[in-house]
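What follows is a group of structures, each given as C-alpha cells.
The two complexes that follow have subunit A in common; it is paired with subunit B in the first and with subunit C in the second.
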Partner chain A sequence: MTSTTWRVWLRRNLFRNLRDGIITLLTAFIAGWILWKVLRFVLITGRWEIVERNLALFMYGRYPREDLWRITLALCVAAFVTTMLFSMWSRADRAGVKRSPRTMLGEIGRRWWPLIVLGIVLLSFVTTVGPWIAACAAISCLFAGALLGRALSSAPVRIRGSAVAVTMLGIVVLLWFLADGLGWDDWGGLMLSLYLAAAGMVLSFPLGVLLAIGRQSSMPIIRSLSIAAIEITRGVPLVVLIILSSEGLGFFFPQDVLPGKVVRVIVVLTIFTAAYVAEIVRGGLQSVPNGQSEAAAALGLSPTRITAFIVLPQALGNVIPALVGQFISLFKDTTLVSIIGLLDVISVSESIRKQSDFKGQGLVAETLVFAGLLFWVGSSTLSRESRRMERRLGVGER
Partner chain B sequence: MFDGQRWAAVRAAACLLKGSAMKYKSNHVRWLALLGALLLMLAACGSDDSDASDDSSADVTSGDSTDGEGASGDSNGGSDGNVLAGVQDAGVVRCGTRDALPGFSVLEDDGSHVGFDADFCRVIAAAVLGDAEAVEFVDLETEARFTALQSGEIDVLVRNTTWTASRDGVEAATFLQPNFYDGQGMMVATDSGIEDLDGLAGAVVCVAAGTTTEGNVANEFARLGLDAPEIQSFEDTDLIQEAFQQGRCDGWSSDVSQLASLRSDYPDGPDALTILDVVFSKEPLAPAVLDGDSEWAQVVNWAIFATIQAEEFGITKANVDDFLDSDDPSVMIFLGQAGEDGAVVDPGLGLPVDFAYQVVAQVGNYGEIFDAHLAPLGIERGLNQLWSDGGLLYSPPYR
Partner chain C sequence: MTDDRPDAAAADASSTSDVSGSARERGPAQFSDDDNDDGDGSHLPDDPDAVRHRTPSDVFADATLVSGEPIVVVEDMNKYFGTFHALHDINLKVVKGEVVVVIGPSGSGKSTLIRCINRLEEHDSGHITVDGTELTHDVRNIAAIRRETGMVFQSFNLFPHLTVLDNITLAPRQVRKMSRADAETAAMALLEKVRILEQANKYPGQLSGGQQQRVAIARALAMQPKIMLFDEPTSALDPEMINEVLDTMKALAETGMTMIVVTHEMGFAREVADRVVFMADGSIVEVGTPEHFFSNPQESRTRQFLAQIL
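Let's turn to the complex of A and B:
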C-alpha cells in the first residue's frame, strides 16, 4: 500500500541486481515501443474508413439488405435463449447465494469483456440508426432472458428440461428463418463463419463420440471402419478436402444432385473435426479406470448404459480443454473457405481493397486487423467459458 | 416451405421410430430405427431444396414466352447436358467472375458486383432470362477458373480471360466474341529514364502470378535478342506495387488496361510511372463456356453481339424505347418488334425474340458499359471501338 512496499516489491522482483535491471529496462522499452506503435495505428494512422463503409459485408456478406430485420430478430432470440440457459444453469448450481447488482455487473464485465469491447468497436463504426436499434433490442433480450432463466432456475427439472428442448427447436427454426431470406448457400461474412462453426461443432461432436466408441468396439468390422474413417480423414489436410468438395465433386457427380457449396463445406468440416474429436474422446475413455465399468457391470447395468451413464460423462469431463481447443481451431479454420470463393471475412477483406475508393492504398493491415479482432473475440470467449466450465465441474481438482 | 412431401416423410419417420420402439425392446433396434428416421428426414430435406429452386425458376421465367418447359414446375429439372435449358430451369445464370479486379468486377459495400465483366454477366442473364439481376456471381481465383467451368460449377466464365489456342484446346473451353481487346505492355518508373524494352535487358520485371504474362515477357525479350530479365511473380497487385515503390522491380508488366488503372492509383501520383509505347502480345479477353454445347455458346455470343450492335445503331439504355417504332427494318428485327408485315422474326436461338431489347434496356450498349466502368480508370477505347470507328468490334447482322 505505502510507497515503501511497492519499492521493495520492485527491487525484489525487477531490479535485484544490475543484470535484472538491464533486462527489465530493455523489456519495458520494447513493450512500450510496441504498445505505442499499436495504439498509434489503431487510434491515429489506421485508415478505418474501409471497415466502416464495408461493415455490413464483414458482418453478413451479401445478405439482402431489405431482410436485415431477420438477422436482428435472430440475434435477439439467440441472446434471449443463451442468457436464459446460462442463468438457469448457473443459478441452479448455487441457489440462495445473494449478490448485489453491483457485483453482478462487475462479474459480467470480467467475464464478457472481449464481447463488450467488440460491441463498442462495432458500434463506433456504425453510421446508421439500424444497428443501434438491433443492439438495444439484443441487449434487452439478454436481460429478459436472464430474468426468465432466474425464474426458471427454481422450477422443477421437467419444466427446465422442456425449456432446453424448446431452445433447441428454436435454434433450428432460427436457422430456417435466416435461410429463408437468402437460401442456404449465400451466407457470408462473420455470419458464415459462425454458421459453419456452429454446424460443425453440433454435428461433429456426436459423430466423433460414436467413432471413438466404435474404435474401442470388440466387433472387428466396426472397429476397422472407425479406424479407417479416423485415420484417413486425419491424414489429409483440411484444405485439400475443402477444395475437393467444391471443385472435385463436380467431376464425379452431376451438379444438380450435389448440395450447395456451403452444405458441402459443413459436411467436410464435420467429418474432419469428428476424426479429431474421436481421438480426443478416445483419450478420455482410456483415462476412466476399468474399475468404473466393472463396478457398473456388477450392479447389473447393460453395456449401453455403462457407456452412456458411467464412462462417457467422466471421459468427456476429462477432455473438455482439448475439445474446446479443437472447436476453436474449427472456428478459425472456417476462414479456409475463402479459397473456394465463399464470401467469408477474409475474402471480404481481400475484395473490398479493390473498391474504387480504396484500391491501390495498401489497406491490408486495417482489414486484416479487424478480421483478426472478430476471430479473437469469438475464440477467446469460447476458451474462457470452457475454463469456467472446467472449474465448475471440478476437473483437475481430483 | 412445409410441403406435403416432407411432412409425409417426417410422419413416416415418426411411425417407424414409434412402431419399432414398441415392437422390440432391444436397444440395437431402437438405435437403428432412430438412424433410419434421421436418414429419411435428411432425404426429405434434400427433396425440399430442389423444390425450392423450382419455385424460384417459376418466379423468374414465368414472364417469358419461350418454350415454357422450364417453368412448368416439373420437379426433376436438371441440365442433362443442355446448359440453356438448365439455366432456364434454375432461373439464374451462374457466372464466374473475380471480385477483386478494379473496373472489371468489384464487390461494393452493399453486396453488389460492379464492373465491366459483371455487366456482361448481366447482359447474358437479360438475354436468356429477361432479368439482368438473375445472376449468381461465383468468385473465382485465377487458378480455379477453368476447373469451375469443367466441373459444371458455372455456366459461363466472364473473368478477364485471354483467349488462347491451348486454353481452347486443353482446358475444354469454348471462347466467344471477345468483350475486350487488350495487349500486354510494360510500365517503368518515370525517373528511371527507361524508354524501351532495351533498357530493361537483364533487369527485374514484376508480374502477377498464374497468368500468360510471365511467358509473354520472356518470349518478347528472346525475340528481340535481349538478355532475359529476371521475372518475379506476385500473388497480388498490391504486393507488386509495394515492391515497385521499394525499388525491387525495374519493370511492371501486365495488360495495358490493368497498367493504366494501376498507374492512376499509384500513391506517388500517376506521373511517377510511364507506360512504355510497346504492346507485345495480343490479349483478347473473351467469355468462355464449356465445350460441347454449341447452342449455349451461340446464345452467349449473340447476347454480347447485342451490346455491340446496339451501339452501332445508336441505341442506348435511355433511348431504346424510342426505337421500338423505328422505320429501319433491321432495328425492328434487332429489337424483336413486328415489322411492317406484322411478323416478328425469331432467329431461332432459343431466346425470347426481344432478347436484344432486354439487354439494352436493362444493361446498356457496349459503349455505355465501357464508359461506366473502364473509362474512369483512364483506359482508352483503342481497339475496342466499333469497326466503323477503326476498332475491332463488329457484330454479324441480326436477320
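Let's turn to the complex of A and C:
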C-alpha cells in the first residue's frame, strides 16, 4: 500500500468524524497503555526465576526424573503422528502443489505461531541440555512426519486408512507405556492437563454422539435413559462431580477396588463433557433438513446407514465450532482437579510460591501468567484449527 | 435397462399410435440400450376408446383403461394426517412402461399419493402393491419396494457433503453391495447420459439447479429401479433450466421406464404422458389420455383447473 492509500484507509475507518476520531484515539491509548504494562512486566519487572527453577514441575509434576525419556519419546511420537496426519489430509499436499520452503515456513508461522512462541519461552527458561536435545528430537520428528504424510497423501485410501489405524493403536500403546509401572497419580503439571483433556475428548465424543442419537430414538426406554443421563449430568456443577469421584465413591465401593484418582477424574470429565456434546450434536442433527433422510430412505438405505452416512456427517460438520468450544472448556476445566489434590498446573503454581526461596515474595502474577500462557496456547491452537477445518468442510456446501 | 414387457408382441397389434404414439416413437431413445424399444408400445392403452372419462366412483375400473402387466396397484387407499383426511379412496393402476402424469391444485394430495408408494408416508387403509410386493409394516417389504422405486424431489435433496460421484454411488455400494469400481463405472455412464460427466467430482452446491436435478435423476437411476417417482421435479428451477430436466425425463420415458410424475408442466404431460390423473381435495377426479384430457375434460373441476393454468 502506498502512503496515500493508507491515509484514505485511516480516514475511512478510524477518523470518519469527530466522534470516531475520539473513540479511535481513546482505544489506541488504552491498548498502548496495557501493552506497555504487559511488556514491562514480562521483560523487566517480572521475576521469572520461580518459573525457571520449577519448569519441570510445571511441565510434568512429580513424574520420576529418571523416566523423563519416556515423555520425550511420547512427545516425538505425538509430533510425528500429528504432522503425518495433517499433511496426509492437506489439500495442497494431496494436489501435489509444490511450495517453496519460504512460503511453507510462512504458512507454518501463521498457523502455529502460538506454539512457536511457547516453545521459545520454554527454551529460554531451560538451563540444562536435556530439554534442548528433546526439542531437537521433537522438531526432527515433526519434519519426518510431514515428509511421510506427504508421501502417503497420494496413496490409495486403503493404505491411508491402515496408516491411521496403526497410528491409533500406537497412541494407545504409548499411553500405556507412559503410565507403565509409575502409578497414575504421579502424573502432574501441563502433561496431566493435556492427558486428561485428550482422554476426555476422545472418550466423550463417541459417548456424546450415542447419547444424542439415543435421545432421538423411537424406543422409549433408550430415549428416557438418554434424556435422564444428559439432564442429570448437565444439572450438576463439574466441581461437585470431581469431588464426588474422589471422596464420594468410597460410600458405595470399598476403596481398594476403585481405580486411582486420575482414572476416576477421566471418567467424570468424560461423562460431563459427553452430556454437553450430546446436546450440541442434537442441535446438529435437527439442523439437517428432513429431505436428506427422505432422499436416503427413498434410495433404500437402512435407518442406521442413513444416520451414519447422511445425517451424522452433516450434523457434525454443522457443529464443529460448538464442539471445539466444549473441548476447550474441558481443557481449561482440567485445572479443577487441583481441588482433589492432583498436582496440575494451578496447584503447582500455588505450591511453588511456598518454597523457602520464594516464600512471602508474592510471585502470584509470575506463576499465573505462565500458567495462563500454557492454557492459552492450547486453547487458541484448538480454536484456530477448528475454524480452518470448518472453512475446509464449507467448500462442500457452498 | 431391461425390457419390462414380455407380452409385448401380443398386445402390439391393437395398440396403434392413436392414443399412445407420440412420445415413444420419437427419435432414437437417449437412454435406450435396446433397439426394440421403439416399435413396441405394448404397455400403452390398447383400446383408444377405452380411454375415456371416469367418474370418481368407477375410476378404479382401469383394467379397461390400460392393459399390460400392472406394476403399481393402489386400491381403496386412504391417508390421514391426524384428523385431516388427505387421500380419499384412491384407486390407481399403473402398468409397466407407462408414464402417468398427476396434476391438480396445490394441497390436493399429489405429493402425498406418490410418497405413499415408496412409504415416505404410511397409508392408513387400503392396499398398495408395487411389483408384486404389498406395502405392509414388514420392513423387508418396504426395503424391497424402495429398491425398485427411484424418487426425484422438488428440492433435489442431493447430499451436500458428498461429491456428485459419491452421491450416486453411495446407495449402490451400501444397498446393492456393488464394488466401488463397478459403482463408479455405472455412475459415470449415468452421468454421461444426463450430460454432466465433467461435474463428477464437484459438490452439489457448486452446480446449477438444473444440473443438480439431473444428478438427482442419475442418483435414483443408479439403483436400477423399475419405477421412477417424480415430485414436481422442475418447480424449483429457473425457467431456462426447466427444459434440460424435462428433456432428460423424456429420454428416460423413451427407454420404457415406468414413471409417475407430479408436475405443472402441461407441455410435458401432453407430449410424454400415457395417462393424466387429475386430483382435487384428496381424490382422483378424472383420468384419461392427454388428448382426451386436454381437449375434452368431463368434470367441471377439471375444466376449472385447466382454465386456470392454460
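Throughout what follows, the second predicted complex is superposed on the first by the 377 of 398 C-alpha atoms of A that agree within 3 Å, B and C clash if a C-alpha of one lies under 4 Å from a C-alpha of the other, contacts with A are read in each partner's own complex, and residues count from 1 in each chain.
Rule of thumb we're sticking to: contacts are C-beta pairs under 8 Å (C-beta built on N, C-alpha and C of every residue); 3 or more make two chains touch, one makes a residue touch a chain.
In this text, all values refer to a predicted model and were calculated from it rather than measured experimentally.
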> On subunit A, do subunit B and subunit C fit together or clash when superposed?
Replying inline: fit
>> For A:314 in the superposed arrangement: first (subunit B), second (subunit C), both or neither?
In response: second
> After the superposition on chain A, what angle is formed at the C-alpha centre of subunit A by the C-alpha centres of subunit B and subunit C, rounded to the nearest 10 degrees?
Replying inline: 140
> So, A:127: does it touch subunit B (first), subunit C (second), both, or neither?
Replying inline: neither
> Which of the two partners, first being subunit B and second being subunit C, lies in contact with A:100: first, second, both, or neither?
Replying inline: neither
> Does the superposition put A:302 against subunit B (first), subunit C (second), both, or neither?
Replying inline: both
> In the superposed arrangement, which partner chain does A:259 touch: subunit B (first), subunit C (second), both, or neither?
Replying inline: first
>> One more residue to check, A:351. First (subunit B), second (subunit C), both or neither?
In response: first
>> Can you tell me whether subunit B or subunit C touches more residues on subunit A?
In response: B
> Now for A:218: first (subunit B), second (subunit C), both, or neither, which partner does it touch?
Replying inline: neither
> What is the contact status of A:361 with respect to subunit B (first) and subunit C (second): first, second, both, or neither?
Replying inline: first
>> Rounded to whole Å, what minimum CA distance do you find between subunit B and subunit C in the overlaid structures?
In response: 13
> Considering each complex separately, which residues of subunit A are in contact with subunit B in the first and with subunit C in the second?
Replying inline: 302
> What part of subunit C is in contact with subunit A in the complex they form?
Replying inline: 118, 120, 143, 146-147, 149-151, 153, 155, 157-162, 170-171, 174-175, 203, 205-206, 216, 219-220, 223
> For subunit B, which residues are in contact with subunit A within the complex?
Replying inline: 1, 27, 46, 49-50, 52, 77-79, 86, 99-102, 106-111, 138-141, 144, 147-148, 150-153, 238, 241-242, 262, 265-267, 376
>> Considering only the defined contacts, which subunit A positions touch subunit B in the complex?
In response: 53-54, 56-57, 61-63, 65, 176, 180, 183-184, 188, 246-251, 254-256, 259, 302, 304, 339-341, 343, 347-348, 350-356, 359-362, 364
>> Taking the touch rule as given, give the residues of subunit A at its contact with subunit C in the complex, in rising order.
In response: 289, 291-292, 294-302, 305, 309-310, 313-314, 317, 393, 395-398
